[in-house]
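Take a look at this one; I'll ask things after.
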Amino acid sequence: MTSGAGPGLRRALTRQPSAYLVASLRGVGQVDLQAQPLTGALILAALWAAGWQVGLFATLGTLIATATAYALDVDRGSIGQGLQGYSGCLTGIALVGSLGHHPATYVLTVVGCAVTTVLTATLATLLAPYRLTPLTAPFCLVSGVMVLGAPSFARIWHGAPAPVANPTSGDTGITFSDLWHAFFTNVSQVFLVNSWYVGLIMLAGLACAGLRVLLAAALGSVAGIVAAWALGAPTAQISSGIYGYNAVLVGIALGAVFLAATPWNAGYALFGAALSTGLTAAITSLFTPFDGHTFTWPFILTTWALLAAVPQLPRLRAATARGPSPHPRPRPEEGTHR
Amino acid sequence: MTSGAGPGLRRALTRQPSAYLVASLRGVGQVDLQAQPLTGALILAALWAAGWQVGLFATLGTLIATATAYALDVDRGSIGQGLQGYSGCLTGIALVGSLGHHPATYVLTVVGCAVTTVLTATLATLLAPYRLTPLTAPFCLVSGVMVLGAPSFARIWHGAPAPVANPTSGDTGITFSDLWHAFFTNVSQVFLVNSWYVGLIMLAGLACAGLRVLLAAALGSVAGIVAAWALGAPTAQISSGIYGYNAVLVGIALGAVFLAATPWNAGYALFGAALSTGLTAAITSLFTPFDGHTFTWPFILTTWALLAAVPQLPRLRAATARGPSPHPRPRPEEGTHR
Amino acid sequence: MTSGAGPGLRRALTRQPSAYLVASLRGVGQVDLQAQPLTGALILAALWAAGWQVGLFATLGTLIATATAYALDVDRGSIGQGLQGYSGCLTGIALVGSLGHHPATYVLTVVGCAVTTVLTATLATLLAPYRLTPLTAPFCLVSGVMVLGAPSFARIWHGAPAPVANPTSGDTGITFSDLWHAFFTNVSQVFLVNSWYVGLIMLAGLACAGLRVLLAAALGSVAGIVAAWALGAPTAQISSGIYGYNAVLVGIALGAVFLAATPWNAGYALFGAALSTGLTAAITSLFTPFDGHTFTWPFILTTWALLAAVPQLPRLRAATARGPSPHPRPRPEEGTHR
């Protein structure tokens, strides 16, 4: 808004440091589409519990992306809701995981997370005619481009990363231990972490956002497991959460954020969660020739497609600003509706 | 439109069973962009003549997709014109051809054809700003994703399907027998069937839709053959219709449905039919690393690109609702203009 | 605008031959987003200096694409600014380079360059809601499809073309000679030419368009070199301009054409130039399985993404019709703003 030499960032950091930190905390929670600072705090704690590198780069990524938004004078309401930070959070985690812990990775994290803020603005423009929001697409685009281009560059590439899980073959027998591991790792894999107790802490964070959010995430996770089992996916992939993290996100997005609370909508959300599980296999195969990473594309594509269909399907209903949600949410223009 | 518990489908099936069946019959004809029930009936007969599996899955697919549209309360005018069924028709055929005749294929056909109805709504929203229509893209998306993802899943994958025809090498000498086979199989390959007499019956169905439709389909087929021969495509691929089915569809779409009947438009339609033939080779090469299937993407992309250009090219003119077409067509908002 | 039998092209060629030639000359310059005939003339001279095949096919391509626009009655203002010819210019160069100098290549150049004019119209429609312009995307689409499809066709394929430069491995030490070669070949590689003195002549042409254009191109080239060196790209690729031509185009587009002249915008343009360098590696890897060609996709994608973000980022400002540019430019509706 200011047209001066560029004090937006400096003013934000010096006069409102706490606003900056709260916005960043909300940003961590917005990866799961939740703006509550307590949700963000519990998820951040879970990320540090997963390892100091994951915790550090998630923190740095969120702070950098949010600071970039201040510097470029993005709408303060959007920043305040954490909507400028979540893609940075995931990008930081993806870069340290793909490129390893090197000085160059810090530089790339700064550049990459700044770019997520620009791409969030790009997608806001491109999706506006359809009333869709960017979701985690800025993260997928930046991380995908960086992982794809990195091996061409001697100064940032230090050998192949850990091999990506290959969800295309293996045993299909399943035990109770596999099932409950899958239920929780589906939640942690949203943040590229394979750990049931990290998922458990995150689920506690989602519970702080309200019963409906908790239910949507849990039922999404179950729908992902059931779909993957029914299709005959390898058990090892199911129990490590590879087939279910997109279902968790679809469950939250369609079940608790973007649609009204009706029985048809609930069925539609569960159907979408199951679809995203099948789509995970297709997208993983599609990206295989490029050593590609599936990231959260199945969630994004499923949610965009199903939300764009709603205006043509009168049986379903989008959430209104003051909808029947069991917990108070900010109005769309305030930002939860990414 | 009703806001009740969900009786749309039940009411449609119990109170208007004949409307449901006519809408489904029109749906089969809408694969070729024609709403006449007689056209749909002849094409359906041709599909059963091609084999009971093809006929059965085409019928099931159309019925399921149309029923899904009733259940989700899609606009009745659109359903009545068959515009909710044609992608299901093709999806059923593609799934039984790719996955084989197994119990799992029936389940996937139900899910896949329901998803085509949702994606038809999605694309209607996304394409509305450009006044374009979904064409057969919902079919290509659903079938493409399913064929790509299927090998990852033990319960739905029963070994490799018949190898996809490889239109990239072979003899280029051509005989009269090759030519007339190509002319008719170009029409049948729209439905993934390689059989000249199936194409002949379908052409008879198109003749019932009017002389202009028949001419457009026939000239599209000829343009595809001429273009493929001139480029030097392998004769075996030309005579089995691989290079011409997209040209047939482009011929009908641009020559008889979406553009007015002027000499420049006719030339543009033939040019588009030839372009789609060249594009077929490029898209087939593009999909090769993914064991991909070209389906009707060349038709869709060519038609979208050429139609979107029309408003900038005053030499060409879009069809008006009450245009100079030689046979009566419903107004666009009633649905023939997918 | 005329509704007669089709005299647009004939009238243009017989009554206004000089207008047709000037429009084509501007078309050559519009590859670098400049409408000045003198700029176009110097660039055309540089292309003939690069070799008679390059010069001939650049000339033919521009003439064909511009003539197609007359024939299809495209807006005369747009034709007059050269906005219908630049994609044909690049397509002609790309086709003779990829397919070799054969009779079939002439035929494909006629068809391909006519299609670029249609696709320019297509993209004008599709991008209008976002106030973006087609840039060189019609060239990339047509040339990409033709290069991808060509090996399938016996009559147009005469063996593999010269191997595409592989920018993914090699030494990273750099000398002063490498640096100044890179600076100029970055400019010539916009036209797929690897020659420092061709780049020098082109830069002289850009100087004729004004100091700001020259500075933007030069700083874009420097940003590309610095980014490629910092990332650790192979020196051989840097000095042959593979990593910098997109940066030159981004520099001109964001630094001198589409954005106002402010310090923040200048920084944004340089940041974009560096980004396009990194993106070049990712897109080259992406296209590798298809023997694909990167062409100017990194420029196009970077420029579209960064321009679409501007409305959401109040720190940055789009250029106005009568902006602070140091040299007179036509108003957007007259066409420099592709």
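As written, the chains take the letters A, B and C, and residue 1 is the first residue of each chain.
Quick note on the criterion: a residue touches a chain if its C-beta (ideal position, glycine included) is under 8 Å from a C-beta of that chain, and two chains touch if they have at least 3 such contacts.
The chain list, named the UniProt way, goes like this: A, B, C = Urea transporter.
These numbers were taken from a predicted model, which means no experiment stands behind them.
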Pairwise touch network: line, ring, star, complete, or other: complete
Superposition of subunit A upon subunit C: rotation angle, C-alpha, nearest 5 degrees: 120
Interface residue overlap between copies subunit A and subunit B, same or different (over half shared): different
Distance from the mean Cα position of subunit B to that of subunit A, given in whole angstrom: 36
Of all residues in subunit A, the ones touching two or more other chains: 129, 289
List of subunit B residues in touch with subunit C within their complex: 129-130, 167-169, 172, 230-234, 264, 275, 278-282, 284-286, 289, 305-306, 308-316
Contacting residues of subunit A [partner subunit C, same complex]: 1, 5-6, 8, 71-75, 115, 118-122, 124-126, 129, 144-146, 148-157, 289-290
